[in-house]
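Just dropping this structure here.
A, B, C, D and E are the chain letters, set down in written order, and residue numbers restart from 1 in every chain.
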Amino acid sequence: AKDSAEQPVSIKIMVGGLDKVIYLPAKLTEQLGYFKEAGVDVSLLSEPSGAQAETVMLAGEVDGVVGFYDHTVDLQAKDKCVTSVVQFADVPGEAEMVAADKAATLTSAKDFTGRKLGVTSPGSSTDFLTRGLAVRNGVDPSKYTTVKAGAGSTFLAAIDNGGIDAGMTTDPTIAKLTNTGKAKVLVDMRTKEGTRAALGGLYPGSSLYMPCDFVAAHKQTIQKMANAFVRTLAFINTHSAAEIAAKMPTDFAGSEPKLYEQAINDSKGMFTADGLMPADGPKTVLDVLKASNEAVKAKADKIDLKRTFTTEFVKAAH
Amino acid sequence: MTQSTPAIRLHRATKVFPDASGGSFTAMRNVTLDVAPGEFVTVVGPTGCGKSTTLSLVSGLEPASAGAVEVGGVPVTAIPRNVGYMFQQDAVLPWRTVSDNVGLGLRYRGASKSDARSRSQDWIERVGLAGFEKYYPHQLSGGMRKRVALAQTLITEPEIILMDEPFGALDVQTRELMQAELLRLWAGTGAAVVFVTHDLTEAIALADRVVVMTAAPATVKTIVEVDLPRPRDVDEIRLQPAFLRLYRAVWQSLREEVEIARQKGASRG
Amino acid sequence: MTQSTPAIRLHRATKVFPDASGGSFTAMRNVTLDVAPGEFVTVVGPTGCGKSTTLSLVSGLEPASAGAVEVGGVPVTAIPRNVGYMFQQDAVLPWRTVSDNVGLGLRYRGASKSDARSRSQDWIERVGLAGFEKYYPHQLSGGMRKRVALAQTLITEPEIILMDEPFGALDVQTRELMQAELLRLWAGTGAAVVFVTHDLTEAIALADRVVVMTAAPATVKTIVEVDLPRPRDVDEIRLQPAFLRLYRAVWQSLREEVEIARQKGASRG
Amino acid sequence: MAELVLTETPVLRAVRGPRRLRVHLTRLALVALWLGSWELASTYWIDPFFYSKPSAIWHKLVVWFTEGTASGSVWAQISVTLQEAVWGFVLGAVTGVVMGVLLGRARFLADVLAPFIKAANAIPRIVLASLFVIWFGLGMSSKVATAFVLVFFGVFFNAFQGAREVSKVVDDNARILGASRWQLLGTVVLPSATSWILASLHTAFGFALIGAIVGEYAGADKGLGLLIAQSQGAFDAPGIYAAMIITTVLALLAESVLTVVERRLTRWQPRQT
Amino acid sequence: MAELVLTETPVLRAVRGPRRLRVHLTRLALVALWLGSWELASTYWIDPFFYSKPSAIWHKLVVWFTEGTASGSVWAQISVTLQEAVWGFVLGAVTGVVMGVLLGRARFLADVLAPFIKAANAIPRIVLASLFVIWFGLGMSSKVATAFVLVFFGVFFNAFQGAREVSKVVDDNARILGASRWQLLGTVVLPSATSWILASLHTAFGFALIGAIVGEYAGADKGLGLLIAQSQGAFDAPGIYAAMIITTVLALLAESVLTVVERRLTRWQPRQT
């Protein structure tokens, strides 16, 4: 359909965990009422597994997914065209945490050999990042054990009772672990510097992506949505963690509102101010995935990074 | 069906059961017996000889292992139409009241609820259970359950009536009332009846012919023709000399068989 | 227990059942009966009058609604020790073979497997089931199952024997053999027996006293003392004039009750 | 073992009153004991971060019912989950009973289909839940489908076995009396299998709720499953437990309805003492 | 309905042979039909990205069994999951039978505990799975626990009902014959409840497998659940289906063992025709 003929549609977005701080812009936009003001009807759904969220999107059940950018590359290797429309974060916002009692012997990714390393789920971004780290540090991924440790409480318990030696996770789990002294940050990918040091470039994480053909067919609606998101990103940049936390539903803070606020504070830095894709981001992602993902490795030469993201809408939103 | 076609025909009917230890046990061997329409045949025989098995073959519930079983001239492959079978065990539906149990056959045959109810009421009175219409079987005594089964079987007016020790659990007087009731019904319809009993008086008083079966495997040992005139008054008939003669004949024949059965049992053991 | 303590004592025992329509039904009213140790009492009564209910009260399976029930001088609150009860219905364990079923009571009492087996073998032969040791109940005829139950009950040599129409499903000869067996066993042990039957000949031939019960609700109508000498030959005794006199007395008493029962039934309907 | 009062002495009607009271009191005491020790333990010994504590859960429930949840009123969540569960339950139970009874009476069909049904029963439902989202969409139907597959099998296997356990002589009797196939099913097989079917229904509604919640887990915008997922993400142990308690109460309510139905259907049986 | 051969004409032994063959052939035909139409559909109409196709699944299975999976040999995964399932099954079934039979015979205990058990049955197991990981760690015990809670309830409710459905007169008879409580349980209640218990065991092993896999889903370093999670993460539909097929085969193997046991335990029953 041509732009002019396009009907205003209501958009369904699946969020890979509505309550996760790294995906906070999604719910925040709704809470701030920016969707309504931009004139789009957006409903948010939640699904804890990123890959499952994308499968649902590809099946046409939802129009977009808020998840990690790296999946667009992965999907292209599987002949599915998905493009990032708004880039929320230019770093993963993840950290490799090492259990306090293992911190002495496990001091960098070089020591991964023979360890039990936690990821949220095999095939998730945390898995890709862990493998990427290992390969960059000369450890073959087959030399350590990948453990599905989930996120949140199960991850905490796994660190606590020795189920894993180290693991990749996000805030507020990181905050909880460091506050209680149960684990230390081994590799911090919540900041630009940390990410560059770990992966050799920026690794864009949290983003909104949609199937390419949907994007092509609904430019007006997507523009409105991009407008709303970019406003939110500006809001995050100009407000304190406490102010942001106050806008979110109280349930998201759980039983420890302070912890939630701290988590937002720690993670705030990772959000882009404008929704733009960092210039070297896609290439870092491709490099990491080439090392860690069979499908991408097999098709590395054929992958067209330009099709994995577009800055058209966020630029127009300025 | 011409007049000469027997209502029930068993020809060298044999029934073999798989046995407890994997072998086989012959319960009936070469049983040959014809029952004419309108004929009343009683069957006596030592306990465990194969009487119930014979009835189950005629009813079509069990297939014969060998030989022919025909009802109305047609080989029995399924349950023949218009057969009534009153089982030796309790077989009324535990989840139906007396009234519903008695009317069941009518309902199966498409009678309306109220029709079935009024006709079953009549039968409930005939078997002396008035007042117990709403009782469930577990609330009845053994003899009352038997009478429910009796009413249940006879209400459908079957052409072939198979009865396996129907009156065993009744007191003498009630039993005689039921016998009279059965004879009255049967006389009206011309149904063929095969009636298993251990009560020789009953066997002779009711029957046109008494079949004495041998110890297991059952075969027909003797058939005693009962030439007493009908209609009979069951209560009086047993004082007649002709009756006593018949009684002695059947008794003698049966006694031999029981002896054989016991000796066999002992030799098996 | 002194000699004067009755083995079984019913004093104004009453049993009320909840009725089908939410009301109540009195199955026994004010039944008073003492049975001395070593006494053989038979009970006759119209079908559905409350005979089985009486036995279940004595066995402790059902509590009396009012009145006293004592066994060995002790009020019955649970199943008294050393009671044997042969039920009117099939009650053998379907998942046990004949041999295991017969030996069950012994096993419960702590007998070893081989001991139980050899003693049950003896009883299996006594009831004429040799050769069927390995059969499961569903592979037996009705009369054979009854005999298994008989052996099962008597093998534990109970002091109180309750029997509910135990021989109803047996042929005349086998029945006589079983009667003789029962008398032989009983004579040796001095057990108190309460024996329900519909066969008046049997009732008189076996008993010290015949209790005739009224139509429901059951009460004791008459008690007929049987003063025939023991040991008795059941087969011969019934030709004696004393026997015929007793028979007529019981018969007469019972007939009245059946009439009443039928009229009640009709008026209820 | 002193407590194990085997049903030896039949209990008279009159004793029922105080007995009932005793039952309720014992239950209450158990609940109090359990909550009390939990509260105490989580105050002094164990980490309420993982195990929460009754007072916090109570507080959470109060907040939900007075102020609502992140995704709207708590009643809305309950009603969504309940609808999904009820639909899944009804469809699963009806299909399970019908297929179970039919296959229980049709040897050949049963022999042919048995391995397939048993195989289907072994398919991990959690995987199915995510497949259902793809097949049936994100709406209610995918949750109903998940609830359905959880309900169906339990009911099916019980109805199947129940249909096979019909007393042979009662069955024979009905057939002699002229029952057609369908009449036999209605008047003999179904009533006889009733206790079997009812026994399976007791677990079934619980499973239906689980199905609805698992389905919501796989993608939803409303429902108790979402509340749980959200609470898990927010380290909100009281939220997890509060949602579980709501589910449990729903199941118990359904159970009490079932008990009434059961009592009606088994009126013909001897009262258990 | 022509297929619905109600058990009207009892079948002679001799007919069994060809009948069996017919059953097997029909099954085979069904499988072939199903796989064929799937393969065809996914080649021409539907997107194998979502629905996969039999040939791709077969290929995946071959790869797994010859080259192994991402987390090691496929046999290692199978053995881990199987161990978890077997443990969960055994513990759940034994506890379920013991508690079911005991409570089935102990009115007071049953009355007191019934609502708790019913409530526990309604707790969403998926939530429990992650709680178990927290309580019992990432090792085998958390999966065994998940399998346990899935197995327990089905078995419990059936054993409970089975213990209540004991024929009153048989029970009375055994008590008159002098059976103590425990003897009664062993010689009357258990044998009588056997068909009930067996019926529940038919579903139980499937549930144990589901439990193990759900448990692995919540956190693990080995097992079929991990393979499924991995395949889902990698958009590898053939992998998902292949793991499901392996699970199914495991369940069917367990089922055949159970059938042998069942035949032994129900030898006393009239053979069904």
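Please note the rule applied: a contact is a pair of C-beta atoms (placed from the backbone, for glycine too) under 8 Å apart; a residue touches a chain by one contact, two chains touch by 3 or more.
Protein names from UniProt, one per chain: B, C = NitT/TauT family transport system ATP-binding protein; D, E = NitT/TauT family transport system permease protein.
Given the structure is predicted, the values throughout are model-derived calculations rather than measurements.
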Least hop count linking chain A to chain E through chains in contact: 1
Leading chain pair when contacts are tallied as C-beta pairs: D-E
Centre distance in Å when chain B and chain E are each reduced to the mean of their C-alpha atoms: 47
CA centroid of chain A to CA centroid of chain D, Å: 38
Multi-chain contact residues (two or more partners), chain E: 8, 50, 130, 134-135, 175, 217, 232, 270
Multi-chain contact residues (two or more partners), chain C: 61, 79, 89-90, 97, 136
Junction residues of chain A, two or more chains touched: 49, 52, 55, 59, 153, 156-157
Contact set on chain D toward chain B in their complex: 169-170, 172-180, 183, 187-188, 191-192, 194, 268-270
Contact footprint of chain E on chain C as seen in their complex: 59, 61, 79, 81, 83-85, 87, 89-97, 104-105, 107-109, 136, 138, 149, 152-153, 156
Contact set on chain E toward chain D in their complex: 3-8, 19, 22-23, 26-27, 30, 50, 102, 105-109, 111-112, 115-116, 118-127, 130-131, 134-135, 153-154, 157-158, 160-161, 164-165, 168, 175, 181, 184, 195-196, 198-200, 202-203, 205-206, 209-210, 213-214, 217, 225, 228, 232, 240, 243-244, 247-248, 250-252, 255, 270, 272
Residue ranges of chain E touching chain A (in the complex, touch as defined): 49-50, 70-71, 130, 133-135, 137-139, 216-221, 226, 229-235
Chain A residues within the chain D interface of the complex: 12, 14, 17-20, 43-49, 52-53, 55-56, 59, 61-62, 151-153, 156-157, 172-173, 176, 249-256, 259-260
